[in-house]
Amino acid sequence: MMPYLLLSSLLFSAGLAAALLRRNAILVLVGIELMLNAANLNFVVFWKFGPNPESMAPALFVLFSIAIAAAEAGVGLALILALHKHFKSTNVDDMNLLKG
Amino acid sequence: MSFDLAILALLIGVSAIAAITLRDLVHCVLCLAVTFASLAAVYLRLGAEFLAFSQVLVYVGAVAILALFVVLLTRTGEPRAESRFSPQVMIPLAVCAFVFTGLAAAAWSSSLKDSPEAVGASMKLKDVGRELMTSYVLPLEVLGLLLTAALIGAAILAKADDGEDDEVTDLGESQGQQQRPMVATTHSDPKHD
Amino acid sequence: MLGTGLIKGMAETARNFVGSFLEEDRLTTVEYPEERIPAKEAARSFPFLVFDGDDAEKGLRCVACQICEKECPPQCIFILKDTAKKPDFVGKMQFQPKVFDIDVSVCMSCQICVEVCPFEAIKMDVDFELSRFDRFEGLLIHKDELSKPNSYFRKIHPTDAAAVDANLAAEKAKAEAKAVADAAAKAKAASAAAAGLAAPAKPAAAAPPPPPTPADPILKSASSSTAGPGLAETGSGKTHAPAHGS
Amino acid sequence: MIEWADQIFVLLKREILLLVPVALQPLASILLSVGPIMGVFATLFAATTVLERKGLGRIQNRLGPNRVGPFGLLQPLADGIKAIIKEDVVPYRTDRVLHTLAPILIMVAALLAYSVLPLGRNMVALDLDAGVLFFFAAGATTELAIFMAGWSSRNKYALLGAMRAIAQMISYEIPLILSTVGVLMAAGTLSTTGIVEAQSGYSGLFPNWYVLTPWGFAGFFLFLIAATAEANRSPFDLPEGESELVAGYFTEYSGFKFAMFFFGEYLGLFAANALAITLFLGGWNAPLQILDWVPSYLWFFAKLLFLIGLSIWVRGTTPRLRADQLMNFAWKFMLPMSLVNILASGLWRFTGDGVLGWLVCGSLVAGSYYALGLNLAPKNAVTKRIYRFAT
């Protein structure tokens, strides 16, 4: 169980680093996706190693999470496109105006 | 830790790090796709077939492709010479290291640490479907609503708004380089660094 | 209704598919190296040099006037004049080319050389199978290879050749008549000089009366009208045997 | 005897496995499943190329290839040798790694899909619980490979072709998956072998295939159309429209890499056709009960060849769609039609396969087909053009 959890921690920290460090908005979104995936991996691991492997709840939770992540990616990328239309840039540091 | 898991872990680690550090955005997203696919392999190894295939279908087949499209649609001329990372590097890195150690320590001190793998457990599709249609039918419907809303929202957000275009271009020209056609910019993509 | 057009189209292609096995007439192509469609009379590939008689050196019509060389748009013709002269078809002494090269990799088959040649010496060939292993030297065709007999020209372009032959025959006859007339005048002058000494000898060269030399356009139109049916025949004739598929 | 002929390959594999030491048996089992699949479908690819060229030739009143070997049957061999010994030209500015990986990935994705296809009774490499989902997951990877090919070439035609291909594949993936949902509902499983089992047996003279129900019939054709679009075949071959984009996303590929793309494309087509057989045409089941003695794999390949012939026929008939027609067809016809089809297959479960079922589901499917077709028809009917001066 330990290797899986370490792996998911690594994924989560990598995603966090991308979200905090990268300037490009797309990569910020990529980091968020990585963090979501780390959480999904944890769910599956806890289902497999946990006390109640008969329950389907973790699987369904991951399924919902995947679906929501897809929606989130779609809206997020559309937002980036809209921002790019305004600022001609995807650099999050450029988006420092409070007006649209 | 078995051999195949070691390979998968290595693949996930390397591709995730590559996905967040590479300069070329297309490479980043392709590495991200590798991460997703290897994660699906891990799910497969854990006996969650259905989740693994959903993961590939949704993440590799849709999210990564969508991200690639957006990368190509948002290219503006030559990439700027400045660093691809934010100016303050140390603080976020410290935060990430802290989060990693925290998570690892939590995992280490967990009471489930040495719990055995449930060998026979696997996600039978029939059970998943039955649960989905009985106890989780409301979340499913809400999810459908959410996806519809996201679809419409994304379409409206990404739609070209003709009315505002004039002032937008003024703002854009004052701020950055003029936009070049997509194809030409991908050609002039320098391979330095 | 949606899909009817597709079904109609698929029925048509199915008819073609089945029909191509049943009716040989449907097949629009021939199996090339074994069977070939005879060249159309107006076909042209690259220029060649015409010679009369059997000897390519002696009968060559080209007089190395270099008009074609100058007129050639892509400049694919190269001519070197020979110092020696030779008699042309009427017997007049003319220059001849020492070197006559055509680079068919450059030639664009425009036929301008043929248009400008005053001696009917350069004509368009129909031979298209000119692939060589050497791209530079191989496609530079020299005089000996360029020279082809008039009979070949008659075979590939019968209408043109008939007109050209009639034209040349007329010119030759005109020249001969002139020669005869000159000779007669000379003899007359001589006989006038020797007046009364001898009976006026009839010119021995009792040349046959020169054939009527109609003006060129008339001749051309006449020949082309006679060649009309022949042209039509070559145009429609599909002489290949329907032997394929078996 | 009949039993033996049907199961000869299964028995053969079992016998060979017994000769292998126990430690190596899993590996040997994999190889014994993968090797024949690759061999058989590579041969089928070779046969299809020559069949397609001859068929298209006949459709256009030509002879087709007939030079290499008797009746031109060795043509694929000559093509293969040519592809292998041809120079591999890689443009200067390409992204080398991606440029090399793309054809490999496209082949891997196409071959992966074969692991869940039942080629005969007990002849499936991987009997997964979620086999159909696996098939679509493998197919989704193809898009990534196409993008890699188009983007790494640094060629505007390649990039445009890749973008078109991806947009088209994403649009048609939805009706492709939705058109299978009716079958999945009826069979109650996502396992390919389970679906074939559900279609075995005969009611009267006819087999219990899903194509012989109103929703199955519509679903079959929806699936075939969507699969044709997924495989980028005519009339949906915009991504590689020669008249516009040179060769689309594999413009900058030559030699063996090009052959791999070609191979991958055909493998994708075969896989989609094989899945159509599995889902709608009863898999390896015989069409008539009295023909049950013919080995099951022969039925499978006979059906596969039939569908391949159909796709060649369609390719020889249809002209290329315009981009807006392509998208309109996907979103305004295929998608609603497949949704209606799911509804019809749900109704079928309650009405049964009697007269009532046929009446209700049949009229639902036919009516929506007619209505959606009307909607798709051009607003201004095309009339014969009249020239004022030319006669």
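Labels A, B, C and D are assigned to the chains in the order they are written; within every chain, residues are numbered from 1.
Here is the rule we use: contacts are C-beta pairs under 8 Å (C-beta built on N, C-alpha and C of every residue); 3 or more make two chains touch, one makes a residue touch a chain.
Owing to the predicted nature of the structure, the values given are computational and were not obtained by experimental measurement.
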item	value
Computed distance of Cα centres, chain D from chain B, in Å	30
Distance from the mean Cα position of chain C to that of chain B, given in whole angstrom	75
Euclidean distance of C-alpha centroids - chain A vs chain C, Å	80
Centre-to-centre distance between chain D and chain C (centres being mean Cα positions), rounded to whole Å	58
Where chain D touches two or more other chains at once, by residue number	none
For chain A, residues contacting two or more additional chains	none
Of all residues in chain B, the ones touching two or more other chains	50, 54, 62, 69
Pairwise touch network: line, ring, star, complete, or other	line
Interchain contacts (touch definition) - all pairs	A-B, B-D, C-D
Partner chain B, residues of chain A touching it in the complex	1-18, 20-24, 26-27, 29-31, 33-34, 37, 40-41, 44-51, 53-54, 56-57, 59-60, 62-64, 66-75, 77-82, 84-91, 93-94
Complex contact set, residues of chain D against chain B	93, 98, 128-130, 133-134, 136-141, 143-144, 147-148, 151, 154, 156, 159-160, 163, 166, 170, 173, 189-190
Chain A contact footprint on chain B (complex, rising order)	1, 5, 9, 12-13, 16-17, 19-20, 25, 28-29, 32, 35-36, 39, 42-43, 46-48, 50-51, 54-55, 58-59, 62-63, 66-67, 69-71, 73-74, 76, 80, 83-86, 89, 92-93, 95-97, 99-100, 103-104, 107-108, 110, 112-118, 120-121, 123, 127-128, 131-132, 136, 139, 143, 146-147, 150-151, 153-155, 157-158, 160-161, 168, 171-173, 175-179
Of chain D, residues touching chain C in the complex	55, 58-63, 66, 313-314, 316-318, 333, 369-370, 372-374, 376-377
Chain D-touching residues of chain C, taken from the complex the two chains share	1-3, 6, 9-10, 12-14, 16-17, 19-21, 26-29, 31, 244-245
